[in-house]
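Structure provided below as structure tokens; questions to follow.
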Amino acid sequence: MYTDKVIDQFQNPRNVGELADADGVGEVGSPACGDIMKMFLKIENDVIVDVKFKTFGCGAAVATSSIATEMIMGKTLEEAEKLTNSMVVDELGGLPQEKVHCSVLAEQAIKAAIKDYRSKEVK
Amino acid sequence: MQRRYFDYAATTPIDKRVLEVMIPQIENNFGNPSSVYSFGREARKSIDESRDTVARVLNAEPKEIFFTSGGTEADNWAIIGTAFANKNKGNHIITTSIEHHAVLHTCKYLEKHGFEVSYLPVDEYGMVDPEDVRNSIKESTILITVMYANNEIGTIQPIKKIGEIARENDVYFHTDAVQAFGSIEIDVKDLNVDMMSISGHKIYGPKGIGALYIRKGVKIDNLIHGGGQERKKRAGTENTPAIVGFAKACELVTENLKESAEKAIELRDYMIKNILENIDEVRLNGHPTERLPGNVNVSIRYIEGESILLSLDLIGIAASSGSACTSGALDPSHVLLAIGLSHEIAHGSLRFSIGKDTTREEVDFVLEKLPAIIQRLRDMSPLYNS
Amino acid sequence: MQRRYFDYAATTPIDKRVLEVMIPQIENNFGNPSSVYSFGREARKSIDESRDTVARVLNAEPKEIFFTSGGTEADNWAIIGTAFANKNKGNHIITTSIEHHAVLHTCKYLEKHGFEVSYLPVDEYGMVDPEDVRNSIKESTILITVMYANNEIGTIQPIKKIGEIARENDVYFHTDAVQAFGSIEIDVKDLNVDMMSISGHKIYGPKGIGALYIRKGVKIDNLIHGGGQERKKRAGTENTPAIVGFAKACELVTENLKESAEKAIELRDYMIKNILENIDEVRLNGHPTERLPGNVNVSIRYIEGESILLSLDLIGIAASSGSACTSGALDPSHVLLAIGLSHEIAHGSLRFSIGKDTTREEVDFVLEKLPAIIQRLRDMSPLYNS
Amino acid sequence: MYTDKVIDQFQNPRNVGELADADGVGEVGSPACGDIMKMFLKIENDVIVDVKFKTFGCGAAVATSSIATEMIMGKTLEEAEKLTNSMVVDELGGLPQEKVHCSVLAEQAIKAAIKDYRSKEVK
């Protein structure tokens, strides 16, 4: 059901944890739905210099969070905002149909974190 | 990698002795039992003998046993068949909120066809109160359907009591015994049931076969129409090898019922005790004693069921979860919600089911590995603060 | 005693190669395909591959194939499922008077639920006139169901033409291809069918398994409600070994279709010619050329079918009859009556069906023995004056 | 399905044929129903001295006709009239449920033949 890449990301997730001094934090999903993703971004000059995540959810949710952090690490905010859920799915070598919604959460969590950063910046 | 199976409640491996009686049936006894010639007569004989066996283990009459394609069909038939056949008497059906989908979705279907269904609540252990059943009966009630034992949390219902109430009120009573049969002793006469569903693949028998017990005199429409098989009640060329295998499986599970149950209960209670003691923020789901011998169901806070299953699978352990993520749905198990769990906690539930081949070594392996898996996932969880 | 089987239309022996792929499935691949763990995933994979195979041989999409417990369930589902799902559009169904009971009795059931059914007549060869179908369509028509080939007399219907008419009139079209599939080439796209039933045990596959082809977009209710199996359309734990065996059987019959059909036609025509020439007052039932490759059906005046079958059985020949006495009913086959036979003649009908293992030697044995059997019974008959 | 006795009576039926000089002839059933039985009785001093039958019907119909002729041969009319279908079934060692109606025909055919004889006698 899951590709080797999904399993690898699930078993050895990259960038798990929190950033105490995050510049932007995004949280999406709800425990009721069985999926919560929380993204922590450290940003310097509009570039993501560090990223961590925490996820409550299924294997696909963990794997998509993990790979998404890899995909945006070192990228500009503009680039990171362009990350779509299908890019995440492709990078994982595919996801079962009923799990695709998890990849949407990863996209949304990153967008939420960037939005959070921007909203603080403005102030 | 050695695989350890803890999902006997989902399906069971076939007993070698069952397969042994099936193979010659498949190879040689292929005749159509409706035919007059010898090929057909032999198949007919095999089916008759199988029906006798199934009747015997349930304390039913052979005429009261009807073979179906499985537990789901048996449930559908009992409910749809009696509902339509008795709709002149009323349109009200009583069931519970923790039935298997084979019952629940069938009731939902009937609601679209003008039937009214009461879904009774259960207590925190998943137990139905017979008095609730009694109080829900009204003039228009034509059927009560309450499962014998729950497939997720293992709670065993007071079927005999509910059967008494049904009979006093002259209402048909069906029980889905797909999980109970083979795990606990069943005597349809003693139980006061009018209909009962059982299934082959849950008792080390073949898949694609089950039976509906229909007490003599019950008014029920056919679900599957066509040829005159099963005394004109269930059409379709009989699946002789599966029927023969099913009967053998019924015989074998019944033979060893006591010892297997005792063994399973011992492993079950050992497993439950160990998990509750060694992992914190875990709760047992289902009734502490009135539960299926092989059922262990726990909710593990802060983490989600499928990720635990996946972690277990990666070390060869097969278990099951009540989490929606398993099925791609959003809502977790209706059973866990019905016993009062929050969505969040329900999502973190895990079922281990123990079967006749389960060993202490296998249980110990799970108990050894589980804490670290849970800790790892909790460390990733935004809900967990160590 | 050597047994000679001439009832392939009733059921077929399993192909050894089918059994070979099933055994490991039964022994090892017992996981519940709905589970996440490896046991389940392997079963899921087997089912997916099987669905691909069945789709391929029918020129359908895998998403359009739904496994059922057999041909009867597939027929019931197609008819009851579309009738109820489309009753807002109308309540009229068109079928023929020579359908299998799986279709006829299902239509009768629907009549009790407010549907109106037209049973089209057939000509003396058992052929439906597509223009009759066209003329019977009215505003309220929601479904046409016409069998592909008749199980008793073997007549092959103009399905493609009827499909065209159905499509022009925007009415769903189902065909019961239980007999046709495996004997003649079938391409669902080319045929203009919306639904088609097939069955495993008629094509040297396992019993208790079949499939309904449902063209994408067809509005149909479920027949069996419950779990989310078969993309939420047919509940019940999947019968993985039977599904895998069925797919293998589909593959094998399709592979050898041309040669087996040619061989069967040769034996069939040889058998028909010989019977008609050597026994007097015998008639061939069904169409002389538009008939199933393996079907021989004759009516033998003055004697009753079951007594012929019994005589044949006593020398090891298994055949079938359209006589009511076979089933204990009083009326002879509705198909034989529909082609215009009198009750008396219909009672004396006999079907030999030829399959892939039938040999010329077996046919010759029947041809050698049959005349004396018939003479003996005629000598006992009060209707016969030699 | 059939007992050995049924098979024997079917394969080697006793008293098949017609009696040109029958004193009583009874015919019951109809080709439409798939069963016709014709009984021919030769009667002397109220005793059945010869009996023959012809049957159009299934194996059970042939066997019941045959055994019924054996059961009444040499019997008085009074005795023969007491023959019931269940006696015929018992004598055959049983019949499948759906074939029991055939044995009723045998009983009826004998009664019809006796009635025919009596109606002629009166004249």
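We call the chains A, B, C and D, going by the order they appear; numbering starts again at 1 in every chain.
We adopt the following convention: contacts are C-beta pairs under 8 Å (C-beta built on N, C-alpha and C of every residue); 3 or more make two chains touch, one makes a residue touch a chain.
Bear in mind that the values here come from a model prediction, so they are computed numbers and not experimental data.
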Chain pair with more C-beta contacts, B-D versus C-D: C-D
Relative to subunit B, chain with the most remote C-alpha centre: D
Centroid distance [mean C-alpha coordinates] between subunit D and subunit C, Å: 40
Separation of mean Cα positions, subunit C and subunit B [Å, integer]: 33
Geometric centre distance via CA averages, subunit D-subunit A, whole Å: 90
Centroid spacing, where centroids are CA-atom means, of subunit B and subunit D in whole angstrom: 55
Contacts with two or more other chains, residues of subunit D listed in rising order: none
Contacts with 2+ other chains: residues of subunit C: 36, 306, 310, 326-327
Chain-chain contacts as defined at top: A-B, A-C, B-C, B-D, C-D
Subunit B - residues contacting subunit C, complex: 3, 5, 7, 10-14, 19, 23, 26-27, 30-32, 34-40, 69-73, 75-76, 100-103, 105-106, 108-109, 199, 201, 206-209, 221-228, 235-242, 306, 309-310, 312-313, 316-320, 326-327
Subunit D residues touching subunit B - in the complex, by the definition given at the top: 1
In the complex with subunit A, residue positions of subunit B that touch it: 302-307, 310, 314, 323-328, 330, 332, 342-344, 347, 379-383
Contacting residues of subunit C [partner subunit A, same complex]: 36, 41, 44
Interface residues, subunit D side, partner subunit C - complex: 2, 7, 10-11, 13, 16, 27, 31-38, 54-62, 96-99
